[in-house]
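Letters A, B, C, D and E mark the chains as written, and numbering starts fresh at 1 in each.
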Amino acid sequence: EDVIKIGVQAPITGSYANEGQGIDKAVRLLVEQKNAEGGLLGKKIEVYTCDDEGTAQAAAICGRELVNKGVIAVIGSYTSTCAQAAQKIYYNAGVLQTSDGTADALTENSYWTFFRNSNPNSAEAVYTAEWMVNKKKYDRIAVITDYSTFAQGLGNAVVEEVKKLGGNIIYTGKIKANSQNYTPILTKIKSLNPDVIYFSGYYSDGGLLRAQQKQLGINADFIGGDANDNPDFVKLAGSAAEGAYIINVPTPELLPYDVAKKFLASYKEKYNEMPPSIWTVLNADGLRAIMHAIEETKSLDTKTIANYLVEMEPYPGLSGPLAWDEDGERVGSSYLTYRINENGNYDVVSK
Amino acid sequence: MDIFFQQIINGLTIGSLYALIALGYTMVYGILKLINFAHGDLVALSAFVGMTVFAKILGGEASLFSVIALFLITMAVIAVAGVALDKSAYKPLRNAPRLSAVVSALGAGLVIQNGIMLTWGPNVNFFPGDLVPNIVWNIGGTVVTFIQMLILVLSLILMIALYLFINRTKMGTAIRASAIDKDASRLMGINVDRVISLVFIIGSALGAVGGIFIGMYYRGITFEMGWQYGLYAFVAAIMGGIGNIPGAMLGGILLGLFNALIAGYVSSTWTDAFTFLLLILIIIFRPTGILGERVAEKV
Amino acid sequence: MSLLKLSGVTKVFGGLTAVNRLDMEISEGQIFGVIGPNGAGKTTVFNCITGIYTPEDGEIMWDGENITGLQPHKIAMKGVVRTFQTIRLFSKMSVAENVMSGRHFRSRQKWWNAIFHTPKSYKDEIANWQHVKETLEYFDLIDYASHPSGSLPYGIQRKVEIARAMATEPRLLILDEPAAGLNDSETLALVELINGIRRQGVTILLIEHDMDLVMELTDYITVINFGEKIAEGTPTEIQKNPQVIEAYLGSDEDDE
Amino acid sequence: MTNDKFFVIDNLKVNYGSIQAVKGISLDVKKGEIVTILGANGAGKTTTLRAISGLEKVKDGSIYFKGEDITKIPSHNVVKKGITHSPEGRRVFGTLTVEENLWLGTYTKKTFDKEMLNWVYELFPRLKERRKQLAGTLSGGEQQMLAIGRALMNSPEMLLLDEPSLGLAPLLVKAIFKVIKEISEEGVTVLLVEQNAKAALKLADRGYVLEVGHIALEGSSDELLTSEKVQEAYLGKKKEN
Amino acid sequence: MKKSKNLLFILFFACLIIYPFMAEGRWLAVGITFLIFSIVALSEDIVLGRAGMFDMGHAIYFGMGAYICGILNYHYGLPIVATIPFAIIIPALFGICLSAPIVHLRGDYLLVTTLGLNMVFLQVLENDAFGLTGGPNGIFGIDSLSVFGFQLMSQTSIYYVAFLFFIITLLIIKNLEHGKAGRAFHYLSQDPIASQSIGINVRFYRILAFALGAGIAGAAGVLFAIQYGAISPEAFTFKESVLFFAIVLVGGPSSIPGILIGTFVMFVLPEVFREFETARYLVFGLAMILAMVLRPNGILPFKFGNFPKFVREK
């Protein structure tokens, strides 16, 4: 074989299409650059993309397809559910997988093939609880999640961590994503006099929640989990966006590292747009780490590569130092809290 | 106590949106005995059309004139779309088994939904804000906004007008007759094809009002949102007694209130389950809905 | 003892009393006629007997057993089977399958035979089709066996409906206006057919507006008007009854 | 020339899919006449009437009314020309009241003719009694009265009646035939389809006998009544004794 | 005519048998899913096509079978084979209990009620009822099927297991067609009042149709769980029910070849046209409309007149 095959499993269509397409674009950009340098171990890299549509069922089919194509590593998927649905297939086939999925369950099985390139929900939850209970000293905390794997995982973890710190959760509830009308649940929360409303779901609902919160005259603070970090949050919330907090790892533009700046510049040049979110960058990091490991070990044996990834010294990533523990969990976290100002821009308020 | 009244206001607002949309289901059902599964997607389409009409044709400046024009133009466009939908997907199936048209409607829904996605993109779009004054009344802790009042009052006016039209005018009686027996109606001199088109025009235009309200009230609009509203409005129509116009209004309001009260007092995680259990109970005890006629089959 | 006995049967729709305290007694082997103006409640009486409606009041005794309010299929299984005023065939199905439907409760197959057949259920299936074949032959319908019943001429459809009812091997056959829509010569054939069925020992209860047929066939007649019985007796008695003439038959002067 | 005739059908053909229901029939009706079409079940009588009022697509041939070709006119416009059709099987509007049904009979008219309504109620007192009842809950006979009454409400020039005596009590059959006579005397031309051959021929001026889509016989009522063929096929042997 | 039909059937089965030797990877997975969906569609057809009840919640029973298999295996450690009887019987019982109060409803009312039940079912799954369903995640890591100590892990072996289930389903439906119950379904769907009046217990047979349909769909659920090793609520939403509903109608209600073609058109073709990407569902919707307009009774409609020849002979 004189080519190295890399798979991308991402939602190219469906609700998360732009995120999935971002991952695909980033991978193709990196591969193009690498091939221009003469390839990996002297071999050209080929990319195979499979659209998992953001559904578990399609993801399972993708898993089989990519394994069959003979890829040695798969980048993706964007959602935890899809990453998880194909995880066992890659494990059985000995194919490496790196995903930004944040569900804690992804590393529970300690599959040696799996490497998370983001931080798990639990890490975000620890940070969030710490910030809410110890920094802001909120007394009455209301938590809202939606029905997605991700949001429920994060929401439940936050509740747990807050309780660990002795915080007071006055309400937990679920909304149905995209149902737009959240006044019933907010009215209920209003009657409980919260200091803060924490929402672990996605921006498309978060923006509306914030707008409707203000409209109902609820004066509590609003904190959105990482999935609220999207320009549309501000557009949806309108003037109500001001003062809302969002907790996330840094946005691509805020990344301080030189490698990151270079990567973003070439991404912008090639596609005439910025990556849709930090998740694109994280997945790019996953690929970069794997390529690095291949070069260091001079091997295409996935087991060897995996071992190297677990043992390697932190490697400079776009999103900060890259290193993994033996469960495939990324070591170290870099969460930030932003406050949205009256112009709709982010101010970093806490690291 | 203020949360109770707040929930009532919440419920009435969303309920009258459901009612407006439900009228489209119920009218088409009445005349074609067809669950027009694409109606919800027409509603979604109207929000997008409204957004574009406002930005591109009306110049994006909010004024009393431009808002009224926004409504009228969008209603006209969606009415035409509704008639086109009927002519292309349902008319060829008038004499086919009933469920064939249902499948065709499901297909048409997919077409509209994905047509929206291809035209306006898969991401959230934004309906122009501040079309109406941003007035908020706070009555003893219960918050009511201008847009809520607008939705409530305008919906009510439209529904009453429709009711009178159907029951008091000759054209309205022709609609009711065509709903019962098309051939016999033709023999009375009624142009049934035109009556059916009229029904699609009215139903779609009312749906368009609903769609614009959704855009104005929530701002963010997505290509998939039609399913959600469509399903609830359809449930409302069934609860009230499908084919029955006051039933659709009652069902819509009832559903809105019920949803708000369940989310407020029982559980936000089980609202859907409660809603559908209510529906099932209503149907079991009143098999043709709350206001549906109960004509025993004559043997 | 009477085979079927109605006492005080009353059926109300909203404010309208369609059948009012009706008594009727049919003996085994009779051809019993029910006549009366349109809307008198004749069909409603039949619907009460066959369980489609439950009467508000009164009692229907079948062979000494109270069958008031029983479900229609239970009543059919006791041997009371009917045809309808407007033909109700399984119009998309073939004539043979229509007649086979009459064999349903005579068939000995169990519900789990829906999943797998046993030699016994298989034999039962063949035996019932054999019975269908005989019925088709009796009614001279064999040529139509595989025709979809809905596209057949009206007269044939009437016959299929009677054949279907007869396939259940009923004790009482209830016919609601069997001659409606038939022309005179077809009606004549129908008379023959009904006489033949009577000869098999089946009791017959029928509604009919064709007075020639009623007079020729029936042994005994009940006349209903506004849900109430206004007369009963043999055909000749009825024909002379002034009340019946006034309410139903009309006098002969009208004829010319 | 067909123009001077009141109503003419010329070589009419109608198909249901591949089935030929009407295979080329020609007939004509003069103003003020009662003409009856007789025929066995499935002969194509109903199909012919449906083709006249535009409910069925005509495959070939033409229909002229007062010199005008109405073959391709949609059914709702046929009514406006002055032809109303009381269909087979009553087809009343079940969930409308009796009175609403009658009202719809005047749909093409600008104003509602109260006198017409009173006349219909006079013809059928039962309808007056039940005028607020939903038509679907009427008995078969009552519905038939309503169907005819509804057709009369349009004060037609020509009335198509499809088996008006179907399922009616003898008294009512007589009544309805009497009404048809009255209607005709008021100048309405009647084309009557009937199973009840004897009664129909007694009433009609002329008749046509239809057999599987063809006209088998035609003539004045007296001719047909005495024709052996008609005697045998439609009146039954029993009439001999 | 009859002969060529038999020949086509034999050809079709031959193709199904050798398919795993010709396809691999994604296409083999598509083949397995085709078999599974065909089974579900055939079971939906018992209720919708044959008994004429507008069931738009069939994904409930399919999902129930899958979840019962998953739960018993994952939480209680039962081997997959041992879960099969439960995955058939429990959905069948649910089919009885859920349908009993609603089978008397007419057409569209039944449709919306079953659709509603599907929504309730989904919410039960998503809310992780009794801590068993795993919430929106579903259940991951279900064991593979092992029979007599053989681990049937490979796609090919799963394919043949599905094929076996498929054949059994076809046999059941054949038995149904040639017996009292199957005919009763047709009678009552065309005219319940006439059916009652000749002694058919309409209610009993309606519920029986649901029970049968639910049981078979439950078995298909097991196959689904085996194939993916993972189950999550999104595979059993009311949109899936709509898919099965549409398969039956596009293919031809009551017609076995029709339904197989329907499954092919509605499930396999979209896989083939993956290249259309974003426009795919638009094309899919257009195809649904077109299919119905061109073939209102389904692509291969069912023909009545199924009875032994001797009946017709003089």
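Convention: contacts are C-beta pairs under 8 Å (C-beta built on N, C-alpha and C of every residue); 3 or more make two chains touch, one makes a residue touch a chain.
Predicted model only: the values in this text are computed from it and were never measured.
Common neighbours of subunit B and subunit C, listed by label, are D, E. Common neighbours of subunit D and subunit E, listed by label, are B, C. Counting hops only between chains that touch, subunit A reaches subunit D in a minimum of 2.
Taking B-E and A-E together, the pair of chains sharing more C-beta contacts is B-E. Compared with subunit D, the chain whose C-alpha mean position is the greatest distance off is A.
Each chain gets one centre point, the mean of its Cα atoms, and the points for subunit A and subunit B are 38 Å apart. With each centre defined as the average position of its C-alpha atoms, the distance from subunit B to subunit D rounds to 43 Å. Separation between the centroids of subunit C and subunit D, computed from CA atoms only, is 30 Å. Mean C-alpha position of subunit C lies 41 Å from that of subunit E.
Residue positions of subunit C with contacts to 2 or more other chains are 43, 52, 84-85. Residue positions 122, 269, 272, 299 of subunit B are each in touch with at least two other chains.
For subunit D, residues that reach two or more other chains under the stated contact definition are 137. Residue ranges on subunit A touching subunit B, taken from their complex, read 14-15, 17-18, 173-176, 178-181, 183-185, 187-188, 190-191, 204, 207-208, 211, 215-217, 232, 235-236, 238. Of all residues in subunit D, only 19, 40-42, 89, 126, 133, 137-142, 144, 163, 166-174, 178, 195-198, 232-239 touch subunit C in the complex they form. Per the touch definition, subunit C reaches subunit D in the complex via residues 13, 16, 35-40, 43, 85-86, 151, 153-155, 177, 180-188, 209, 211-212, 247-250, 254-255. Residues 24-26, 28-30, 33, 126-127, 135-138, 140-141, 155, 227-230, 232, 234-235, 274, 277-278, 280 of subunit E are the ones touching subunit A in the complex. Across the interface of their complex, subunit E is touched by residues 12-13, 17, 51, 55-57, 60-62, 64-65, 67-69, 81, 84-85, 87-88, 103, 105, 109, 147-149, 152, 174 of subunit A.
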